[in-house]
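The following pair of complexes shares a single chain, subunit A, combined with subunit B in the former and subunit C in the latter.
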Partner chain A sequence: MSAPGLAELLERAEALYLDYRLGAVKEWKQRTGGLAIGYMPIYAPRELLHAQGVLPVGLMGGRDDLEIIKGDAYYQSYICHIPRSTIELGLNGSLDALDGMLFPAICDVIRNLSGIWQMQFPDKLSHYLDLPQDFDPEMGGKFYRQDLEHLSELLVQRGARPLTAEALAHSIELYNAERREVQALYELRRLQPWKVPTHELYLVLRAALVLPVEESTAMFRQYHEAVAADQARKPVDQARVVLTGSFCEQPPLGLIKTLERAGCSIVDDDFVQVHRFIRSDIPASDDPLGALVNAFLTDGMASPTRYVDRGRKGDELVQRTKACGAEGLLFCAPSFCDPALLDQPMLVRAVEAEGVPWTAFKYSENSGQFQVIREQAGTFADSIKLWSNA
Partner chain B sequence: MSTIPEKLITAGIDVGSAAIKVAIVETTGRALEVNSIASERMLAGASERTRRRDALAVAEGLFDEQLRVAGLTRGDLAYAATTGEGEALPFRTGHFYGMTTHARGGLFLEPDARAVIDIGALHTRAVRMDEKAKVASYRMTSQCASGSGQFLENIARYLGVTLEEIGTLSQQADKPEACSSICAVLAETDVINMVSRGIGIPNILKGIHQSMAGRYLKLLVAAGVRGVVLVTGGLAADTGMMTAMQETAAEQKAALDVRCHPQSVLAGALGAALWGGFRVRRLAEKGTPLPMLVA
Partner chain C sequence: MSRPDAAVAAASEASKDSSQVRQKEMIARHFDRLAKSKETGEKSAYTFVPGNLSELLLSFDVLPVLPEINALQSAMRGRSAEYISVAEKLGHSEDVCTYVKSDIGMLKSGNVGPTGQRLPDPDLLLLSYTGCFTFMKWFELLQQEYSAPVSMLHVPYQADGKITDAMRTYVVDQLKRKVIPTLEQVTGRAYDEDRLKECLALSAKAEDDLVAVLKSARNRPSPIDSYFGAVYYVGPIFSSFRGTQEAVDYYKALREEIDERVAKKQGPVTPEGEMGAERFRIVVEGPPNWTSFRQFWKMFSDEGAVCVASTYAKVGGMYDLGFRHDPSRPLESLAEYCLGCYTNLSLPTRIDLIVKYLQEYEADGFLINSVKSCNSFSAGQLHILREVEARSGRPGGFIESDLVDPRYFSAANIKNRLESYFQMLQQKSPSSVGLAAAR
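Entry: the complex of A and B
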């Protein structure tokens, strides 16, 4: 017997996740008259958008139910899948509710996508968010601040309200609260993974991408309370694993379920990273824009999209693995994902040096068959449970 | 280090695509040992065909029935391990993958075995293992149905014989008729032609058995198997298949000793139960709390 409201919450989360046409965003726009701006994965300054009355809308490509008709014409076969599905959704009208798009600096492919977007949708805002790779406040900090100020002006030109320090400080507080809720869910999953199956958590994380932060925070809290109280969820003997590499193009939900069914309890992951990219609260400040910039410079995750000094990414992954009591690592990256796959050998060296068992496989967002991965993950989980000394 | 239990009773539930298998085992001894015949015994075990019923309901019914046969309750179990398609059984303590469990069950039934060939309704897997049932390599049939028990069941239906009759009839063959080993559709066409040409049922069945046995031997060779091989899975009960495999191995001078055991069909469930006990002892050795069985 599940906790009251949990089934309904998950049903709604799944509906939001499945809705390519962004019905919730359309409703929000009708209700508020505000702008809605889409952003690609990993990180976006959602606090700034919110402070100007704009709804930030996270986009994470398509699934296996999206037929790519036009999108393939823009990218060669050796490019990952997410830009194709994003273009397809743009061209088939699914993203019409959006007034613009932000393209954070993820990789060359996403940068090229921003250029294609400008040509395909000249009437909409299309901004390449050139996130700094120099984390010196006097260099990268100034550069990023100028970019945010420029973005803020562009939003005003589209009808958003001007940015004020008070509004931004309030928005930062709201997103701090959301981050805390997400972190609390990750902590609950770390402690009691059977309470928080990753395929459920993932749906809630995805649903939150199209909701205003006030609603998403409440949804995270409601989900947390419901699963914590659900006495029907009992411990199962699974191998505890960290899943890494799935920060941009997302795996199909079926793949996450397959991994769990194959005997893996995912106790940390890279999914829908925007909710956790800034790792702690952004402190209150007289200069909230400066605080937002500083949080990106000093408190961002060691993502493959971010320059981190030699070796430290591997150290951080080992630290994450140990901190969550994981017994193994799944390198689960999209095919042709340069940031994930170029970092992988360095990360493998780091975890092997610590004796952490690992296995690696690739996917595409439209993958529909998981039998091979099921076998791989199943035997990996067995080897951990029966033979590993980790 | 916490105390490693002296005696453990564990269960294995193997949910296959055509049948459910359940085994209850008792293991004694504090050491983390594998393949210790003296300390392992099966208390109960049975197989039941699903026959279009809800597989999970059949599994739970058979599980409780076998507990009754052994004079036990769920509360007596230290671990209930699923395997096969049993990941969704709500009362499981944990799940082990099919290759891992067939290897372990195979070693329990035939301690000399260093490989098993699991012939199920939908797939066939050749698994090479070491003396501790650790999987060293494996090969699986592709998705084509001609290497599966389901294919044989379909042929039996066309020929109007029961599954139980297949083995005996096949062994009566005097002039087996060659059959396609590549494609189930072609093989079925072959069978229709044979019937229309008046070929007797024993010779048709033997031809099919030989065709399938040839595929299985290729799998075993590809997995690097030598020595004793135990046949497990549903088709282990087919004596005609066993004979065909032994004859084909001899004809091809393969360094394989193909064997079967009366309980071969339960190998997956037995392996799951045995690994469950091993896992409990391992967790105890590491001082980790034991997983709770969901009553």
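Entry: the complex of A and C
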């Protein structure tokens, strides 16, 4: 099959990203008769769902084009924006294609949203995925495995096929392949950021959330091939930065573009982290469920939502910053995001100890004005370039 | 979450009840021991109120230090604004929990506790992580300040409204394999289950008396205020004293005092003295504001509003629903305690509870004090408001403030809202309200 043209691919990715009503999910359901289950950021064991014939659908809130009519009646002004857009989408019927929702244990807002969801949508599956904060296989691992087994049963009760080791092993392979494609794109961006502008990569990452893994893997590959081959993309002299803090509520696409226009080349980030949350291939095993559990325990990213029990807080960020040759760091977190903002002083301390320049700002998924951020990021990029040229 | 033995700061002026004098002495002794711990060799652990392991610490003779208490005590002493500002200058966001910032600011300002004595550096950071993710971040922050070992106890969330065997086992396993070995290592002593059982038996006794005190609010007039006043009553049991004979004696005396008030048909004692006629019976959801605690209480008592039940008084345990520490199942019982604290309950369970309180305590309505700091409490409270109103048929009120950041306590605004709310209650059920006033 010949890879579609880049413009066409990006157009499709953008359409998938923009489609609040999950048309692709509806089509998939019509085609397969399978269940579709939504999940909130930042991590869900998609392999397990896939192995039971279920389509995992990643949800990441709304944008500035979503009119919040009912959602604001659920949340006070000092709570981040993503729960209100998610409720809005649930109540306005956009998520009707979903047969249920998973709420990963990442913060109190998502946790409490799981309860609201149970009450608002009593006919749908609503599962709080109580990800362990103890990473010992005999304790946190045992507990998490039981939770996954329970989830698997709940899916069967809704009509999914029972989980088998063979099917799970196959799904793990498929997601390993997808992860490798995503990592390869991140690697290409590290090496040649002008080939992979982040506002494009972001669209592809978002589009992949609503596609079956077989299709998303192909899309990542096609995008990779297309941009690698695109000779019109020439090196540009921008400041290489890592962006961190945007793992849950997402910045508007316009903000990402603004940062790029302001002179920042984003060479690593934590957008749409589910694709890379597990850092390496999950190994083949006679006990694939055990392997899936173990991957979460031992190979998950050092997210602010995850207790860092070994090593120094911020070590991973420092190491990532060095690995991609970044010259600076953007702390870019949603307003009122507890995990990101409570983490920030510790991360700042770690990167300052390494002499990495940084700047920080906040956003909301529905922000429409970026003038202040544009100036701040522009000044930051200029100062980096000045130093690196000095 | 918080707890209020701190409320002692206000209590000293507020009330002359002998139970409060006794509590004040208990707390003074505790802080004195902490201040002298480096000389006496006593060990201390920093830990949190919800899901605290007081009996286990006690069985190892480890003294607890509770950072939330430090924060709220700082607020009651008028110091939290300065501490928060210190933390914000160090880069802590204005958006996050002010308990954390007050604690960090206090630590950076010399770590002087409520009695004016310096708190010891911890020998152990015991992160019992129940009901709030911020606790985890808070202890990651504290880890950067101290070299003490950390023991993390992850307590799963009761998302489906029940404690499962898997949850209980997970917590017990962590107690056995992580928390107890760390305590053994820190103290150089072996785990003594008999001692733990003795402590748990004492806890259960005190818990019986606390429940009797809380349930006394079913009387008309209620002899207690179960939100503001309860801050004093839950103090010892939520914190350092659960599992001690001191706590048993305190709660016995408190119960006797309250029984006497019931017999005499007396209402609650407020900071201004005996409260006047009971006009409104209110259930409250959400923590109090600490920076203007007395002023806030007065806004209720001036209107003859008595809080007959509150969810805040359950952040350190749901004793009124029947939970007791059980010496025959020591670790399982500790696990169930951790799992059962109020902020670890699902939103539907919280709604059921408030509806139950409205009925059980024959309340006229309910009020939500939504605090900016606390997503664990606040995210979802507007939904709670609507659901409880719909299910109970009783009117709900909603006010916004903060725990320990005075910038978010707008007295005039809150007073206005409360007055309108009480007026609305008066109009909605003039007969029952009039009846209550006449009693």
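Convention: the second predicted complex is superposed on the first by the 380 of 390 C-alpha atoms of A that agree within 3 Å, B and C clash if a C-alpha of one lies under 4 Å from a C-alpha of the other, contacts with A are read in each partner's own complex, and residues count from 1 in each chain.
One rule holds for everything that comes next: contacts are C-beta pairs under 8 Å (C-beta built on N, C-alpha and C of every residue); 3 or more make two chains touch, one makes a residue touch a chain.
It should be emphasised that the depicted structure is a prediction, and the values quoted were computed from it without experimental measurement.
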Clash or fit (per the criteria above) of subunit B with subunit C on subunit A: fit
First, second, both or neither for A:Pro235, with subunit B first and subunit C second: first
Contacts of A:Gly263 with subunit B and subunit C, given as first, second, both or neither: first
Arrangement angle, subunit B at one end, subunit C at the other, subunit A at the vertex (C-alpha, nearest 10°): 100
Partner chain in contact with A:Glu27 - subunit B first, subunit C second, else both or neither: neither
Contacts of A:Pro304 with subunit B and subunit C, given as first, second, both or neither: second
Touching partner for A:Trp387 - first (subunit B), second (subunit C), both, neither: first
Contacts of A:Glu225 with subunit B and subunit C, given as first, second, both or neither: neither
Which superposed partner A:Asp343 touches (first subunit B, second subunit C, both, neither): second
Partner chain(s) touched by A:Glu375 [first = subunit B, second = subunit C, both, neither]: first
Contact breadth on subunit A, by residue count: subunit C or subunit B: C
Smallest separation of CA atoms, subunit C relative to subunit B, angstrom: 20
List of subunit A residues in touch with subunit B within their complex: 234-238, 261-263, 375, 378-379, 381-382, 385-387
Complex contacts: residues of subunit C adjacent to subunit A: 90-93, 95-97, 100, 129, 132-134, 136-138, 140-141, 143-144, 150, 152, 154, 156-157, 159-160, 166-167, 169-170, 173-174, 177-178, 346-348, 350-351, 370, 372, 375-376, 378-383, 387, 400
Of subunit B, residues touching subunit A in the complex: 79, 87-88, 92-100, 134-135, 275, 278-279, 282, 291-292, 294
For the subunit A and subunit C complex, residues of the former touching the latter: 73-76, 78-79, 83, 103, 105-109, 111-116, 118-119, 127-128, 130, 132-134, 136, 138-140, 142-143, 146-147, 304-305, 307-309, 313, 335-339, 341-346, 348-349, 362
